[in-house]
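As written, the chain order gives the labels A, B, C and D, with residue 1 at the start of each chain.
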Amino acid sequence: MGARYFGASVPRIEDPGLLTGRGRYLDDIKLPGMAEAAFVRSVHAHARIKHIDVTVARNQPGIIAVLTAHDLGVAGKPMPQFAPSPLIKQQRTQHVLASEAVHYVGETIAIVVGDTRAAAEDAAALVEVDYDPLPAVTDLRTALDGDAPRAHEGAPDNHIATMRTKFGDTDQVFARAVHVFRETITQHRGGCHAMECRGVIAAEDEISGQLTVWSSTQAPYMVRRMLAPWLGLDESRVRVIAPQVGGGFGPKGPTYPEEFALAQTARLLKRPIKWVEDRREHFVATTQQRDQIWDVEVAADANGRMLGVRGRCLHDNGAYLPYGLILPGTTMASFPGPYALEALDITLDAAFTNLTPTTPVRGAGRPNVAFMLERLADRIARELKIDRADVRRRSFVRKDQFPYATGTKARDGSPIVFDSGDFHSCLESAVERFSDFRSRQEEARKEGRYLGLGIASYIEDTGLAPFEGATVKVQPNGKVLVLTGAAGQGQGHHTVFAQIAADLLGVPIEDVSVVSGDTGSFPHGIGTVGSRVAVLGGSSVHMAATRVREKALKLASEMLEAAEADLVIESGRVHVAGTDRSIGLADLALRLDGVAGLPLPRETEPGLGATAYFEGRALTFASGTNLAEVEVDVETGTVKILRYVVAHDCGRLINPMLVDGQIRGGVVHGIGNALFERMIYDDSGQPVTTNYGEYLLPTATEIPRIEIIHIETPSPLNPIGVKGAGEGGTIPAAACIISAIEDALTPFNVCIAEHPLSPERIADLIDGAKAT
Amino acid sequence: MKPAPFAYHRPNTINDLVALVASCENAKLIAGGQSLVPMLNMRYVIPDHVIDLNRIESLNFIRENNGAIEIGAMTRQCEIEHDQLIARRAPILQDALRHVGHLQTRSRGTIGGSLCHLDPAAELPGIAALYDATLHIAGPRGTREVNIADWSLGYMTPALEPDEVLTHITFPLWKEPHGHAFLEIARRLGDFAIVGVGCLLALDRNGAIARAAISLVGVSTAPVRLSDTEAALIGQKPTESTFKAAAEHARTIECLEDAQISASYRQRLAGVLVARALKLASARAEITK
Amino acid sequence: MTEQTAPMRERITLTVNGTSVEGLVEPRQHLGDFLRQNLGLTGTHLGCEHGVCGACTVIVDGHPIRSCLMLAVQADGANVTTVEGMAKADGTLHPLQAAFRAHHGLQCGFCTPGMLTTLHAFLSANPNADESAIREAISGNLCRCTGYESIVDAALAAARIMQGGA
Amino acid sequence: MKFDNSFVVPIPPAEAWPLLLDVPTIAPCLPGAQITEVLNPRKFKGRASVKIGPVQLNFDGEAEIVDVDDQAMTARVVAKGNEKKGRGNASATASFSLAPDPAGAKITVETELSLVGSIAQYGRGVGLIKDISNQLITQFAKNLESVIRTAAGEAGVEAPVAGKPISGLGLLGGAIKAAVTRKFSNNPS
């Protein structure tokens, strides 16, 4: 079997509908009798609710219901914990509707159901909530101080959990190190900002009692798992469908209060109800990420080789814990980066604040750790006056060390092992594109222009456990159907699954269709988080399609009376090589679908199909190095990114064009984190950047072309040799841009240990450095 | 994010408009709507009546008259952006328009809407200030004129009575050959200006500065003309040190601050951009000499 | 239900994708909602409803506009083209649509209709646009997926085809 | 947001103190504010209007005098209001204290104001809202001063008219002036 599609830049099978306005996103779904909902949300960051008066609101035209927690029967019934952990000291999940207290601006208090969204908004503005404001925790730096206000009234403190990752003897390594440097590093939160906001439709079928929930989610199976027991329903009575989803980027992974509220309200009112998050709601009600403060030390030898890292991280989890400790956990799992450290000792404390809760946003904790480690690497270079790339060269895990046990341990206690990689090749292939940079930099400085070259390397643990699965089936018309639990949000999963199946079954890709994200069409799934779908979903399609292929060959060999070894599958038919004898997959499928009175061949299960699950027993590690060239206008502090190069290793490429798309989008998200996106709250916890004029996403004019170099070290851990590619663009990008800015400002001796950086902040840094 | 309900009116003539405006309580006029509709959608502004100016044909024109460019209040930004007369006679308007929102908002946005909305960062009021423009007002008491210097009464508050409407704007053109420059720093192209600087500069036969106009947007609630700086420039040679001195002046103007931008940063940019705009305008003035 | 009076509605007539349509709209309903809800043309997407993201861009009388910032009642008598009106009746994709597919100019597809309509109007008026002009033209369209480069490449390729080149 | 104001009135503290506790007199000192209902001698319903550029806000709410200490001559007015069209809530605590002064009595008003909801969530307006609030409260203190002076029989001082809407452009102009003339300590140079 020669790969025809695997490895080729195949145009996506998803595109024709999306290009002609026929994508079916959540808000495009219209059900008979469907009402629309709006939520009354907290305007306070922290307050007791004294009273909620809905009488005026209820009497507005076009209003069907205005429901509080008590009306909905959900008071005192918080949402379940998605990811329980014994480390959690204070178990706090949000109530579907708050009835006693609110803990961040945007928290749901009441649901208003009307004939139209506009009518629901009219009435929502008339719900009177009488609050008793309480002091709010809005500053992570002091959140764990004894005298800090409590994010939750009556709590002993704001401490959620302490996590620690450690190997080697840090005391000894730091004691004998020639160099030890200490840094305080700050990273600020941003949002997901998928162009499609979240949305939910819930409808209960009166006769069957079946509850169907459409949700713009990354994880429909998780929504079902959370909803069914909470509603007291068998899982079989709850079907969750993710329609076309307009981007996810992490925050569409958790299950939200709105999903619970819509389900409960639809059942209560006995009619379908839709809620579509508007952009202002998205700014307060969809989870955010990246607030962390690091106090760390790095030990290096005389040549600048990194020996050890130790320190503490303060992590802001916002007002609740909707996702257990998964987000801080991804921070800890990102060590030791690509570096062969002798010792590591990191302690993380997660804290509650009265801000929007945090869960993973593209990269999760990894961009944080990459930023921290890369700032330390640059610090070593600066202090030792050596090339920044040399610190990496000397500190990386070498190619001959793979598989490499990092020293860290997985949650089950097993050692973490880098399965494959070639960190040095990634580095050198990117570095060589800037061989003339230093001379250009010197020339430019003579003209008063400040160029900088940034560098950042990273690893990404991908293919997160436990599993994804797929059914591959040849239909009686010869066309192939792939059913899978792994839903997509624009990555092109259907295309890559179709590529894999089409190759194995010898059919044109046009003959493969994929159905995903519907708990009613495939029994088990986890979700599209942590760059895991190509690895686990792709492998499961490969396994299932391989079984179908074997089944087809076995049956064809009987029907064509030829040895299996002599058979080839091409253009939807099984041929006896070198003859004109053949049989169509359609005929085989028809045969196995069965005809009354005609027994199936012996030891053959019905249907020309198979189901397989691929279990991710160990992580597969993607890696890479980014370089960026910037110019800083030192008078205004503005930054122009002139060039950006990514050298990237995600194992074998199923579809290079799609991988490039993932990388470019990811890099631009990271550039947003570095230069543009800042979610600002005032001291009382009011968010003040709740529109796109003030919260800035990167735009086409601010972004350079992104050059991509692929290094392929196939993963030995899965049958197709792939590693995840969804977040690798984002992970190093902020670190790379900040590195470049710092490099440009070397003549001013500016040191940068934070992001995002506004032009004003850059100007202040220059002034501050001049002054010292 | 849907607006609160309102009644809608669509007059066809200025007279009908003036009558309507006088008869509607809590009304908002909609021109291009590119600032108003977001405020409606976000329910910052909740009018009982919205009066649409888009069908009043007589408010849409660009013409030269008596040494001045006259632009009707409902002339769309994209029309000014591509107009040949403007390109010849007041190209700085087109330079500034490149920074006004985006392709799609300039398709609807109007010059009159921009002047009446009077956002502190808006570019077009800054150009009006640069030219000492006159605003022509119609109302139940007849018509009147307001100089741009008297137009702002405060934050987003033009000198317009509730029953009056802006009909057109007159930009007196400079008779002498001159150079122009419009420079702006915003976070991204099309964003609200942190600071924008417009500059017109004429040189005499000896190469000294004969006339100068400098206007800044973004720094205060209304465009700021640097009259003292302009006066000090007269007779000076257009050199780096002249520009530097002007920049020093610009750095001392009192500036607004908000959640993201401090006053001192605005002052810094005012200085930098004034120097750069003067340099560019004088280079262009050299060519026109 | 209440006895309060129904909101005032206005009757409008306009041409959408070459077909004359009528509608009864509340004055507060914006054009984007009218296209989506009243006409079922759900290809026009609402991404921010405050005029920044560009996903709702449609072409009105030849100009790309944000349909969340234009009241439906204002479109009375207008000629509107949405993404649904770009392909030929026989299903042949517009050169821009084909180029978007060939260059992977879309991922989640949510910003795509706005990108397509913006570029359709822009390239029709500026057939020789270069990369920087194209980037400027779509600077009012947010995309979180692609990083824009593939969209720019698609636009450059489509511009060549729209001019009758290779 | 915190604002401190103080002024001196030419009457002894013992005479000024009861005036200060007379809410129907002091409430209209806040520009744009009026009392709509007296619930009890120390609790009132009222209304306040303010215009921020194109945004006209109308608050309905309650004010109550609490913690009155006639010995120390201190009291607090706690007020809160909801914007009638749901655009946010305002709450304020004004702490009054009276102390002897060579010229009569010195009145100190410390006000803590907080705004929440959509009106507080527009970052570009944050600086301006602070200036307008400062201007309102300064005007309140000035009006209060003149009310007390009038009550004390001082001639030529005009008391504010209850319910008179916020002094429109003049007040706004003042706020703007306050905004643009603020001195900044972190001036570069």
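The rule we apply is simple: contacts are C-beta pairs under 8 Å (C-beta built on N, C-alpha and C of every residue); 3 or more make two chains touch, one makes a residue touch a chain.
All values derive from a computational prediction rather than experimental measurement.
Chemist: Going by the touch criterion at the top, tell me which pair is linked by more C-beta contacts: A-C or B-D.
Modeler: Here the pair linked by more C-beta pairs in contact is A-C.
Chemist: Please compute the C-alpha centroid of chain A, do the same for chain C, then give the distance between them in whole Å.
Modeler: 29
Chemist: Between chain A and chain D, tell me the centre distance in angstrom, where each centre is the average of that chain's C-alpha atoms.
Modeler: Their C-alpha centroids are separated by 49 Å.
Chemist: So the centre of each chain is just the mean of its C-alpha atoms; given that, what is the distance between chain B and chain D in Å?
Modeler: Using C-alpha averages as centres, the distance is 36 Å.
Chemist: Where does chain D touch two or more other chains at once, residue-wise?
Modeler: If we look for residues of chain D contacting two or more partner chains, we find 85-86, 118, 122-124, 126, 188.
Chemist: Could you tell me which residues belong to chain C and also touch two or more other chains?
Modeler: Correct list: 7, 26, 28-29, 49-50, 136, 139-141.
Chemist: At least two other chains touched by the same residue of chain B: list those residues.
Modeler: In chain B, residues 1-5, 38, 42-43, 188-190, 192, 259-260, 262, 268 touch at least two other chains, as defined above.
Chemist: So which chains actually touch one another? I want all the pairs, not just one.
Modeler: A-B, A-C, A-D, B-C, B-D
Chemist: Using the touch definition from the top, list the residues of chain B that touch chain D in their complex.
Modeler: 4, 26, 28, 39, 42-46, 117-118, 153-157, 192, 220-221, 251, 254-260, 262-264, 267-268
Chemist: Using the touch definition up top, name the residues of chain D that touch chain B in the complex.
Modeler: 52-56, 85-87, 118-119, 122-128, 169, 172-173, 175-176, 179-182, 184, 186-189
Chemist: List the residues on chain D that touch chain A in their complex, please.
Modeler: Residues 82, 85-86, 88-89, 91, 114-118, 120-124, 126, 188 of chain D touch chain A in their complex.
Chemist: Given the complex with chain C, which residues does chain B contribute to the contact?
Modeler: It is residues 1-8, 10, 30, 33-34, 37-38, 40-42, 50, 52, 54, 78, 98, 101-105, 107-108, 188-190 of chain B that touch chain C.
Chemist: Any idea which chain A residues touch chain C in the complex?
Modeler: Where chain A meets chain C, its residues are 9, 11-12, 14-16, 18-25, 27-28, 30, 59-61, 63, 118, 193-197, 244-247, 249, 278-279, 489-492, 657-658, 660-661, 664-669, 691-693, 697, 699-701, 703, 705-706, 729.
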